[in-house]
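When the chains are written out, they are named A, B, C and D in that same order, and each has its own residue count from 1.
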Amino acid sequence: MEVNVVCTFCGSVCDDGLFDVEKFRSKRLCKLGSSKFSKKERIKSPMIDGKEVSYEEAIAKAAEILVNAKRPLLYGWASTVNEAIRLGIILTEKVRGVYDQCASVCHAPSILAVIEEGLPAGTLGCIKNRADVVVFWGCNPMEAHPRHGMRYSISAKGLLVKDRKARKVIVVDVRETRTARQADMFVQVKPGYDYLVFSALRAIIAGNADVVPDEVGGVSKDKLIELAETMKNAKYGAVFYGLGLTQSRGRDRNVENAIKLIQLLNRYTRWVILPMRGHYNVTGAGEVPAWECGYQYAIDFSRGYPRFYPNEFSAVEVLKRGDCDAALIIASDPVAHFPKEAVKKLKEIPVIQIDPFPNMTTLVANVVIPSAIYGLEAEGTAYRMDVIPIRVKKVIDTEYWSDEKILEELIKKVDELMG
Amino acid sequence: MLILKPKVDFVVCVEAEITPELATKDLEEIKKFKVYYGKEEVELEKLFEITKQGNEKKIVLEGDFSKVKWIGYRMEDGEIVVKGNVGSHCGSCMKGGRIVVEGNADDWLGAEMSGGEIIVKGNAANLVGCPYHGDLTGMTGGKILIEGNAGNYVGERMNGGEIEIKGNAGDFIGTEMRNGKIVIHGSCGFVGGDMRGGEILIGGDFEIVPSFKRTDEGWVGDVNVKGEGIIKKL
Amino acid sequence: MVDVVLITGRTLDQGATVEEKLTEEYFKAVSYIELSEEDFKALGLQEGDRVKVKTDFGEVVVFAKKANLPKGLAFIPMGPYANQVVDPSTDGTGMPQFKGVKAVVEKTDEAVRSVKELLEAI
Amino acid sequence: MMLHIKNGIVIDPKNKVIKEKMDIFVKDGKIVEESEIKKDECKVIDATNKLVVAGGVDMHAHIAGSKINTGRTMRPEEMRPVRSKANKFRATVGRTLLTAPTIGYEYAKMGYTTAFEAAQPPIGALHTHEELDSIPMVDKAALPVFGNWHFVLKYVAEKDLEKLKTFIAWALERTKGYGVKVVNPGGVEAWMYGKNCRNLDDEVPGFNVTPREIITSLIKAVEELRLTHCVHLHCNNLGNPGNYQTTVETIKLANGFKNDKRPVLHITHVQFNAYAGTSWRDVKSGAEEIAKVVNKMDNVTIDMGQPIFGTATAMTGDAPFQFTLHRLLGAKWSNKDSEVEGGAGIVPLVYLPKNPVHAVQWAIGLELGLLIDSDKVVITTDYPNGGPFTEYPYIMAMLMSKKMREKELERVSPYVQKATNLPAIDTEKTLEEVIHMTRDLPAKILGLEDKGHLGVGADADIAIYDINPLEIDPSNDYELINKAFRRAMYTIKGGEIIVKDGELVKEVWGKTYWVDVRGKVELEAIKADLEDYFKYYSIELQNYGVEERWIRMPEKIVL
């Protein structure tokens, strides 16, 4: 039997997948999506210190750790659904911990930029219909979001822009990526100099090319002028940007300057800008806390109310500063993805893990609680990279508890312990 | 004068919004002053040895305060001397008085400060004299002197006052600055993005955004915001 | 020995194995460095040789691969190997600098550690 | 639970009860006859000499969905003020932008028990519902936005009313929406080309239609479907000096339509569409002209969109206006062009009493509230565009007291003296009028028969305030009025006491209304169009929309 599935791998959240339940095989999805919908090793059972226990026992132990901590860190949330994330916020508020999510090592600088300048964006559908110029800046969808180009950007067939021929594709990056090989124009920037390139483009577009030096960030002035003209002459342009801006020198300021460029371009024509969000619901991991407590990430509840200081409450900083004494890690693997200085702290404190798969965090976790896979074994709401809500589906049965159920029970236990 | 010394190694950070005003209270009141220790709200005496000597509006912090945040938050007068390092938000929103940090200071030193003086003998981390996220104005008055180095984001959206750094600084100096003065004796990274006004003097090397005009006086810009800020060699 | 600017990031193979971190496939997908042809040659490397990557923040042994990169730029897929050497400072943003770290690469005979061994050594 | 509210002074305009001492009985969440109550099982609330009214109904606020959430994300400076720490209830934060739990709590404290999200982007419908589901205490619903949706533009262009009706029925079901919201019809589509439709007869690029045709067709369709709520319109040309003329013309489009239960057209936040003059330098009030037209018509209502001095955040589906505002203020700006459906924008702002333009806006809102018949104007701030809904008591007090207005006029820019008529207006609305404007009038416009009144059979949504209507003189006691309406003595929601003495006592979860009118159309008629046109969407038709079981407490209204 073939059923429709919504892919729960990357931020593109392709909703046209097919899944053969008997054969346990997907169709139409990319390499990443196919891996998501294939059989893999699972965490077999809840565990405490390596010993198999029941869900109830593991949850009771987890509750005890959280309640006894002076400041627990509750981190992850990018590969789970909004319903679970909401419970996560409620749990964090109860145990007065720190909520942080995968964006803090991904697109969190984008949030800082949005705080400075806002986000002039459009949905992926709007971009596919209208964008005659698409710029990929510091992102490489061919590896990170493989169907993005086909569905929404490079070769998508839209209402006004009918096909690839009608669209100009530009890649700006520090290296010639697979995406760059598909582009009509490739602009190579010196690592760490995107910020200056945006300032130069703004000056050129506003008619101040005279002050711009002959070369900026490794890009010749002629090339900059060509890029500026192309952008200005677009009918409707879209910039997609990635970790090339947020994880390199300049971080949030790179994005802020990109947004300022887009603001300026809208005085002449239409342009939008969108971050290429990584995990399928990393967007929800920020949106849900925003409506529940006002901020997207790096939220501390130690005083009984939410506060946002990313310089100290983002997970990497909390760990590096030694500012937590327990951690709950859900739907994420910080031991694999954090700098080693932060991993060191995770090895020292009690760690609770909730995840479908064994990973490096499992290796340091004291309490391990296996969970169902959303999109396959459990349903819920996720947000695509353009903040469009899509319901991910349950297509097969499982004995594993969903994150939502685990968190519900955990909250009950915490309530009991706290009286 | 009030002398505080940590009693324990802090498991997590402490948030202690203490100002010199506290030194004028009686000892019993001081002991009961509330600070945050993780999720616990505890009395000052639980975490610190407290010694009171006379009524001078002065606090001396002895020992390691690098995990103690919000020292001197909103202080208006008097003096705080930190004998070692201090945690983030030291002197933030400060209106007057003086803070001397003999060691290093963490992030948000003198954030949104409007008056008074901060002297750091060691290094300062990031976000010196900056506005908190979303606020339109950073430092508006007073002086911050850092004898060592500073990190990224110095004097962002600054609208008055002075920041002087004897050593080097990181990226984003005077971003969106409107008024006031930043002096860096050493080198720094990106300078002047979207600067509207004010003055930045730099002794060493720096990387100016490519949207400044070269004039006899120095660099003037940022032209992207029709700015009239000036960046000069010291 | 060559000086490079190191960037890290996603790849298809890293992504496709990211939910199987304790497998050989994941190990293969993340335990290498891509170097420019010039740098590769300068180090006298053969495809599959091991190199030691050193930064101010740590060092790690990985396999070497030749790639279409400008001279002086190197790439390690995001993951535990890259994270031994990236810059953990977040400079007030909360975001470590995963891209654009100065590194030195040299040929080595040391073995490439498994992910478990990497973790144990932290 | 049963309740006996004893000896209160009731104002219930719908049932013609004006300041009568009477008892109210509640059972199973409804208001019932005394005979249905068992006195010994009943909780008695002593309301002696206190004002007893129906729970407030906010018919137009932006409380849920991508716009307010982007607003929150953009504005940590707005979220920073702390209202209360977490205890039995959630922590509450926010200056004027509030978190979802805070929104529910603040409505409840004010004695409001129903609130409508006034602009639901269709493809974001699920997001809106998720946030509505996180708002405790009140009943709620969302109005999906239709005026720039390509299907609508296409059917209007083709003059295919049947398909338009069918599409509305399909869309309301898919979005679990309540009614037809229209924002700058045609203008947002024009924005995709960097343009706008400021006049009713501007042609929408790519479609051979005009705003006039879109509005008229939608009214026609909604009236033929007999939807509970009429077309709810954010006019073209919003936020531009001189725009009152567009508004007047737009209001007249309702001519010829009739509905005996409710108006056929509701024009929202009219303050933003009531400017005379030619630029911000000579802007004047156009409120009087608009009031004249509205008062003459018997099928149009409006709400105020009253600015409140202090911070606010402009967030509308009117994307081109938001860009104009961004340029005008030099403030940060978010925009969202949405598939083939429309768009939205968000810009922070602050209303300053000494700023001549802001003062004029403030005065215009009040003029509209005063000059328009109480049966045709609803109190709103267009939260958070004009400011917080928590200031409704201020507006109520201002409408009832010329003295208060005189006092307030002293602190605003003197420019209002020549640019508006506010200083000359003597009208003082009565207590029953402002109760009407905040209860049964919005309920009537929304077609909520069980809301906004205290008759037998009504929902037991009740507010009790610490004022004695028989004694209070709102004209002089404006401070008391302003204070009392901020903190209800009791708020009762669905028969449960949720607020006592202005403090929360119980968290409850309200219903989400949606309207199912599929029975009146043949969905088959648009099936091919949907299938064909969904290739221009970025999600599959089969995955578009919201299922009832995803909503916490859905309440389907089948027509």
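Here, a residue touches a chain if its C-beta (ideal position, glycine included) is under 8 Å from a C-beta of that chain, and two chains touch if they have at least 3 such contacts.
In this text, all values refer to a predicted model and were calculated from it rather than measured experimentally.
Compared on C-beta pairs in contact, A-B and B-D come out with A-B as the pair having more.
Core chain by CA centroid proximity to the global CA centroid: A.
Centroids built from CA atoms put chain B at 33 Å from chain A.
The mean-CA centres of chain B and chain D are about 45 angstrom from one another, to the nearest whole unit. Chain centres here are Cα averages; for chain B and chain C they lie 37 Å apart. Each chain gets a centre from the mean of its Cα atoms; for chain A and chain C, those two points are 22 Å apart.
The multi-chain contact residues of chain C, meaning those touching 2 or more other chains, are 91-93.
Residues of chain B in contact with at least two other chains: 107, 126-127, 133-134, 171.
Multi-chain contact residues of chain A, defined as those touching 2 or more other chains: 96, 112, 115, 249, 301, 303, 308, 310-311. Listing the residues of chain B that touch chain C in their complex gives 107, 125-127, 151-153, 170-171. In the complex of the two chains, the chain A residues touching chain C come out as 9-10, 31-32, 34-36, 40-41, 104-105, 108-109, 112, 140, 142-144, 146, 174-176, 188, 191-192, 243-244, 246-249, 251-252, 278, 297-298, 310-311, 313-314, 316-317, 320, 333, 335-344, 347, 356-360, 363-364. Of all the residues in chain B, the ones that touch chain A in their complex are 11-13, 15, 36-41, 67, 69, 88, 107-108, 126-127, 133-134, 171-172, 175, 189-190, 193-194, 207, 209-214, 221-224. Within the complex formed with chain A, the chain C residues making contact are 5, 7-12, 15-23, 57-58, 68-70, 73, 75, 78-80, 83-84, 86-88, 90-100, 115-116, 119, 122.
In the complex of the two chains, the chain A residues touching chain D come out as 4, 6, 15-16, 82, 86, 90, 93-94, 96, 111, 114-126, 128-130, 151-152, 157-160, 235-236, 263, 266-267, 269-270, 272, 286-288, 290-296, 301, 303-308, 381, 383, 387-391.
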